[in-house]
Amino acid sequence: MKDIREDIAWAKINTDVLRSLENPRKLYWVILLIAIAMIGVAVGCEIYQYNMGMGVSDKNNSHVWGLYIATFIFWIGMSHSGTLLSAILHLMHADWRKPIYRFAEAMTTFSLMTAGLFVAVHLGRVWQIYYALPYPNGRGVWPNFQSPLLWDAMAIFTYLSSSILFLYVGMIPDLAICRDNMNPGWRKKLYTALSLGWEGTDRQWRNFRVTYLTIACFLIPLAVSVHSIVASDFAMSQQPGWHITSFPPYFVAGALYSGCAAIITLFIILRYVFKFEEYMTLPILKKIVRLTFAIAMVWTYLNLIEYATVWYGHDQASKDVLIQKATGVYAPFWWTMNFCGSIVPLIMFFRRFQTNIPVLFAVSLLLNLGMWLERWMIVAPTFSHGYYPWTWDSDQWPSLIQWGIVFGSFGWFTLLFMVFCKVFPSVSMYEVKEMVYHRSLATKKLEATGKLAAAGKGAH
Amino acid sequence: MSVSNLLENWSDVRHTHPVDDVPHTPYKWAMSIDLDACSGCNACSVACYAENNLAVVGKEKYEHGHSMHWMRIERYWDEDGREFPDQGAQFLPMMCQQCEAAPCETVCPVGATNHTPDGINSQIYNRCIGSRYCEANCPYKVRYFNWYDYPTTDNVWPAEMNQQLNPDVTVRGKGVMEKCTFCIQRVTVAKNNAKNEGRLVHDGDVQTACQQACPTSAIHFGNLVDPESKVYKQWQAQQVELDKDEQTKDKGTEEGGVSPEGEGKLRGYRVFEELRPYPSVMYLERVRESDI
Amino acid sequence: MHRFIRLSVLLMGLFAVASSYAADAPLPAPMTEDDLGPAIEQPIEFPHNRHAGLRNPDDPTNSDPLKGGMEINCMYCHTFARRSAVAGIPPLQKCIGCHQSIDTVRDKPRIKKLFEYWDAKKPVPWKKVHDLPDFVRFNHERHIKRFIFQQNRPVQEACGYCHGDVKTMTVARRSKLLSMGWCVTCHEKEHLVTAEGGIPVGNQAYWYSMHKPPVDPSGIVKAKGPNDCSVCHK
Amino acid sequence: MNSGSVKHLAGQPFDRRDFLKVLGWSGAAVALSGCGNGSVEDGRETVVSYVEATDYMIPSISVYFNSTCAQCDAGCNITGRIREGRVLKLEGNPDSAINRGKTCGLGQAGVQHHYNPDRVREPLLRSGNSGEAITWEKAYALIAEKLNGVKGEEIAFLSGGVSGHLKVLLGNYLDSIGSKNHFVYEAIAPAVVRAANKKSYGVEMPRFNINKAKVVLSFGADFLGAWVSPVHFSQQYAQFRKGVNGQRGVLIQVESKMTLTGANADRWLVVRPGTEGILALGIIHALGAAGLALSGDVAAAVKGYDKARVSADTGVSVEQIDKIAAILKARTPSLVLAGSAAEGYAHGSQNAAAINLLNQVLGNVGKTVEAAAVVPFPQMTPTTGNTAALKTMNNGLAAGKFKVLFSYATNPVFTAPGAMKFKDNMARAGFKVAFAHYLDETALQADLVLPLDSALEDWGTQVPEYMAEGAQINIQQPLMEKLHANTDGKGTRGMGDILLALIKQRRADDYRKYDDYYAYLRAAVLQNKGALGGGVADDETFWNETLSKGIIKLAGATHALSGKASVAGLSLPAPAAIDAQYPLQLIPSVNASLRDGRHTNQPWLQESPDPLTTIVWDSWVEIHPKKAAELGIVEGDIVEVSGKNGSIKAQAYLFPGIHPDAVSIPLGRGHEALGRYAQGYGVNPFQILDAVYDKETGELALHETRVKVSKIGKRVIVVKDEGFAGGKQMGKKIAVRVSSDKVKLSGEV
Amino acid sequence: MSKRHLLALFSNFDEAEAAVRELRGLSVKGFNADKDMIVKSPIEHPEVEEFLGDKPVYVQWFTLGGALAGGLLAFFLISGAQANFFSQIKGGKPVVPFPPNFVLTYEMFILGGVYITVLGFLICAGLPARRSPLYSAKVSEDQIGILVQADEAASSTLKAIFTKHQALEIQEEAGK
């Protein structure tokens, strides 16, 4: 079975994708409404927290971080799959990525935006957040460049703006298509402005290709650095359970993992909501699933390595944290995390489940749950079992305020994502055309060698 | 011009503290606490509340771990499972250890906590944005966060009680991290007075609130680079060196250490020395009579 | 091709220069008229120019008090400044002490008002002109000790660093920025390190900053002001 | 910042008495805006200024004045830090022989007593169930009216311990109204020990030189916590630990429930409750067996107390008794202390006598037990008292003997054993006047509540009961202007001023020359200038010096100690058999901060963790883990502790430092009144105490209540500082202990 | 002499290629294939460039410059800021510590690279561009467009070539 129908007409690609900007299924609106309701919850919680102080999130003096930081890492991690699909696979000429990379890249952007919110939500004095920005100011002081949090901010800013640029640059030809096909109205004006007068001239394409490739090249080390820096928030600290050298690769693997799982989820949703069955085909899904499975195994390996190094190391404090994870109050979550992260993906090993949409949907959600728990299990147990026994505290349980904001962040992400998909083509039209073109060309060559018949360079 | 500044002071900006050289001159504030004298009576802790405008958070918030005691008295029992603790309890006053290489300092995104030239880990409340990374990275967990707005909304200082507040210490609003400062407001006054008189601060010019209150005089505070100071003498006598992560005396005898067994074991130690924060507080081990 | 290389080199140079400038402690914008503090309505419009202003050059004996000032030392009235971190405001007694015996101006409305307060034994509710946030602790005593008593700078110059040219004002008005960056620009300058009598004391230079102070061949040590955050913020 | 009302200062001749007023800026409010950005706008805030100033009135510069801590009776001398007319902090006065510049947590919290928002601010007259604010004039008139026609013996004056000129004045007042009924009641006082000391040594409170002793054997004397003069003893303890020539003092603590002192002991010995005396005699027996020469009658008296029997009675092992005897014999001088754990039984006097006997046998009297200096003014020495006095008065009240009742500095409604039914009996008095700082439980029962100045705004003198070195009279002087001075005849007043006003109702002529208590005090001190060490100094100088020092140190003669061991009347009952219905002994424990509960409304003390359990803001029931396991109790279980006189419910805390047959509940909490920080926190174990009295002195036997403990099926989280690890170091090197033979203390600085 | 634009649309790359090749070989006065011919296509098509001849791309130089400038900016800004007067010791580390500065330099290296690359792209590709005089939405759909400008005299020749190569449609700029 082929990744995509090769005889699909280019004009049909245009109409199919452009249709997604106009009339999605009703489910789209349902999702949108739910998302807005979820944001409402989070906004309410945040307003309350802002007015009362961080205390309402029910952290305490030895346990100063909670779900906010865990969820922050989760969203940062989520963003990595976009880069994986759009940049890494682009460089590797895996053209099956073409129908799906656009939404993955959008996911990158929006999950980064969501993650950024958590930085703010988590601050005790969010109204002073500008203290952390490096700009010349009337106080004559700079932020502390030694702090991994600042690296974080820098990395996320770089990543977010680069991703947006990458997304945007890659979308310019498609925006031109939208411009050409839209009825006059605000959208047409928007597309006209955004497409920058793109006409697909040879000069534009030539520079476009180099630019696109260059940014892709930059994005890969950037993505790796972003999550290693997030890992540094922990690995650079001195706390048992955090100060682990394998954290950066472990975090990157976890990031790719949760991102891939999220791509499967969104793939399934988009495919249905926007009627993209023609482009988001099951063979492509299968490829993603296989990729996810591979990453799951990498993650499992790194996870076990982390346990093993702690277990065989001399650091009793770290070991105690590990034991506490497995046997203490966090044990249910820790075991669920391991189950979801390492056992559940085994389902994807079986071919018949690789294209089974309901199963994959469930699996992808479980994987995401596992990955979210992973982040929580990195953050919390160290606090309740750190170096200093006097301050050990097992009663720390996140308050509803924390849960509410975490919950709402999913709504925020969904809202951004769904609005994006409605406003911008979530399938890259020109690249699908390229894919169809090259595939059909290859097929023809194959046929030609078979039939020894000369053929032209392809029709549409 | 900053680049020339950078190049001119290159060797200065590349110093590693405290291991490269004498860490601070002419002041390095340090403490020593004799656990054998400490009776665990909590006077130091209350004195700290009085001196540093600490918020009383009340029962409910205390339950949630929001207490603000910069100095807490920890009580440890034997761990050998005896029926009765017949050699008593072990009390340990624990406050900010004013580490020379403080794990909290590097991680603050805004630089609200820095090392002062005289060796105190300063906390600048008005700079703090409340990321709480410092506390996350503190091995001693001695930093306290203002989870609520105690000065105003929580009615911690009702109308008359606020008159007790020490005007030399800023009242902290919500979202700010705070901790023991070695009573830096007192240190500053002593330093200013000394400067006005063209001299250095003498031992005894400045006492921390806890030291001043301590009924058993278990706490000593002073200038570690002043050979006349009690603290310096105590550190010397106990062979505890600021810039070591393992004291020579604790090594085996063949490496020049004092034998850990037998008479003459020195009592000085620092908590979590091996984590290399180079804490400025030396504790003296508690002694228990062997003949009874 | 070459123009692109040139362009790149140019850009790099630009960035390097820009960055090193930016990294310097930022100089606050030069004082403009708008940066002046607001004109403040005080209970009594105290004429600083009459008290501290320069004498009328045409009349060295100052026989006509309506012209020129009296060149009264700032610290004659603001006595707390040299003894305390807080300058405070002179007690009413101080004003009365002189004005009791100055009959010529006794009937002026401002002086009448002054005596009204005195008779009622009520302090004058002066308004703060140079207000700093509550978390900033500026130490008047140290600055005065250093610049006036150790380095023998003229009083009005030393006070004027922060308070501006008060002798030309009637009601004092803030004329300096008084932001942290503004304070820092001064602390960044290298000032003579002196103790009483102008002699450097030991390694006193280290009292102020982590940087080793440069010593010029004649042995004069100059060091920057304290750069320790906790000096002002506690 | 410093905005607010400004005190005008002009036109007053300055003397020391007015220094507070001159400090000015009284009540200047402080900004709470803290470290937020705040408003920094020129011309928004008013600068606080003086009308007139004196030399030392420099804004931001603190001044320090000496006074005396009134938080307990130990009489520590304090120095108050005063800035802009507000007292900010109390420190110890370094010149004091008692506390040598040190303070305890309780003393530190003195400012919170002063600034407490729940202080009574105006005289209150009962009208129905509420109080109506009246003027002082009216209040005085009312008292005069109520006393009119009432016979002297129908007036009772109940107070806490009083001393100094206030005692003199009070005596004179009672004299003027013809009453001899002055009852002194301190709920927690070493009354039995005082009596036993009087018998054994000839004085009630000798000096204990802990610092000179090489071994201290303490039978439940919590001298580091709440016993007699803890700050003084703590300093002695520190010296004792450093030792002479590096020989570190050894502390052995014998008690049934671990006190703070027990927690610091080299050996903490748990004994069956009430058998302290038996152990003391057992040790004497063992000493004799070890070769210490015992006088004949002593030997005879301890004859029956061989190790085996003593061990069986007390639960202390034979080896331990031997070891104690050996160390006591080897290291002299030693010091044996009888504390509250020993005295709290029906045979408390016997226990204390046996313990004192041990001191005598060891020859410590005259070495570590010395006669204390006495103030040469017997009329000023402290009057002490305990429950016996309260009992007498209570009986009188019950019999309807008293028509007018005054109550000052004591809170019997809260602290009297429930079995006394004091509250009900108090209602029988026709007119009840309470002099109070807070509306405490007793004040709530009064008909007239007269608000008192805090100790930081009142004048006074005080003579400590326990004299550290030489005799001293402590001066108490205001550290700032009255917080609640009210111009319209309300506001708070000093106790001395009130007494003076009252006495003027009777003896106007004698007291006309004293405008107020200050004048009285000044005159009284100056009158005895010579005796007080004034020498030839003129009055003004001497007075100012006295105030500036805050202490009048006197050479003071000492009573002679009678060092002879006497065993007359010494007989100890065998340990009581376990009561099947109430199998556990209730030990009400005295917390160093909260004591009898008068300080519970000071939030620093509420939030300052109990040193041993680290519990805050609540009461708890200490149970030994073994017993708890037997009863199926875990930490946080709400348990009902019930005895013959009622029951209370509190959270259980599993505590290894208690005898398995005992439970302990701290005193001081469980207020129904007193203020926002006290009300509704914890339970009051005074309520369920059995009315058992010491056979000799008639004082309440505090530890003689027997209870049973049962779960009620509710569980709470115990609010405490101790974390999840429960006081374990988990193998980490945090609080380290070393055996004394491993260290050489003489090498230390 | 005025020039006129012609846009020819092809449905097939082969035909378009043939047309281009012919145009390049053409030597007509008033038409220079290197300058006056623009090929528009709906997809990125590297082969087109081959037959359009060697046309260099300079975006990578922007990239290099941007990346280096970003890195330098970061390092100097950060080190300079750390070493200036308000240098504070933190955690016992040197005032100018290398590892964190390298991390930030790395990030700024990428940031500068990406930003300047995009800038370079816009400059090199001439974007934002004004719309060319002749445009067909078909070009963004599925057809190849060849836009030429030539003297009116040459236009008929060109038209003939387009027709020869089976142009689907030939648009002509409105005559003047």
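Every chain is named by a letter (A, B, C, D and E) in the order it is written, and numbering of its residues begins at 1.
Here, a residue touches a chain if its C-beta (ideal position, glycine included) is under 8 Å from a C-beta of that chain, and two chains touch if they have at least 3 such contacts.
None of the values given here were measured: they were computed from a predicted structure.
Enquirer: Shared touching chains for chain B and chain E?
Expert: Of all the chains present, those in contact with both chain B and chain E are A, C.
Enquirer: With one step meaning two chains touch, work out the least steps from chain A to chain D.
Expert: When the steps are counted carefully, the minimum from chain A to chain D is 1.
Enquirer: If you take the mean of the Cα atoms for each chain, which one ends up farthest from chain A?
Expert: Between chain A and every other chain, the largest centroid distance is to D.
Enquirer: Whose Cα centre is nearest the centre of all Cα atoms in view?
Expert: Per-chain C-alpha centroids ranked by distance to the global centroid put B first.
Enquirer: Tell me which of B-C and A-C has more C-beta pairs in contact.
Expert: B-C
Enquirer: Most remote chain relative to chain C, going by C-alpha centroids?
Expert: Max centre-to-centre separation from chain C belongs to E.
Enquirer: Counting in whole Å, what is the centre-to-centre distance of chain C and chain D, each centre being its mean C-alpha position?
Expert: 53
Enquirer: I'd like the Å distance between the centres of chain A and chain E, where a centre is the mean of that chain's Cα atoms.
Expert: 30
Enquirer: Once you find the CA centre of chain B and the CA centre of chain D, what distance in Å lies between them?
Expert: Comparing mean C-alpha positions, chain D is 32 Å from chain B.
Enquirer: Mind checking the centre-to-centre distance between chain A and chain B? Centres are C-alpha means, answer in whole Å.
Expert: Inter-chain centre distance comes to 43 Å.
Enquirer: Scan chain A for residues touching two or more other chains and write them down.
Expert: Residues 62, 140-142, 144, 146-147, 150, 387-388, 390-391, 393 of chain A each touch two or more of the other chains.
Enquirer: Find every residue in chain E that makes contact with two or more other chains and list them.
Expert: 76-82, 84-91, 93, 95
Enquirer: Counting only residues that touch at least two other chains, what does the list for chain C look like?
Expert: 20, 22-25, 85, 133-135, 184, 209-211, 227, 229
Enquirer: What chain pairs are in touch here?
Expert: Those chain pairs which touch are A-B, A-C, A-D, A-E, B-C, B-D, B-E, C-D, C-E.
Enquirer: Inside the complex, what are the residues of chain B that reach chain A?
Expert: Interface residues on the chain B side: 61, 64-67, 72, 74, 94, 103, 106-111, 127-133, 135-137, 139-141, 143-149, 153, 174-177, 272, 275, 277.
Enquirer: Which residues of chain C touch chain A once you look at their complex with the stated criterion?
Expert: By the definition above, chain C touches chain A via 22-23, 25-26, 28, 177, 179-185.
Enquirer: Please name which positions on chain A make contact with chain C in the complex.
Expert: So the residues of chain A touching chain C come out as 136-142.
Enquirer: Under the touch definition given earlier, write down the residues of chain E that touch chain A in their complex.
Expert: Touch list, chain E to chain A: 11-14, 17, 38-49, 52, 55, 57, 59-60, 63, 77-78, 81-82, 86, 90-91, 93, 97, 100-101, 103-104, 106-108, 110-111, 113-115, 117-118, 120-122, 124-132, 135, 137, 139-142, 145, 147.
Enquirer: Please output the residues of chain C touching chain E within their complex, sorted ascending.
Expert: 1, 4-5, 7-9, 11-12, 14-16, 18-20, 22-25, 184, 187-188, 209-211, 224, 227, 229
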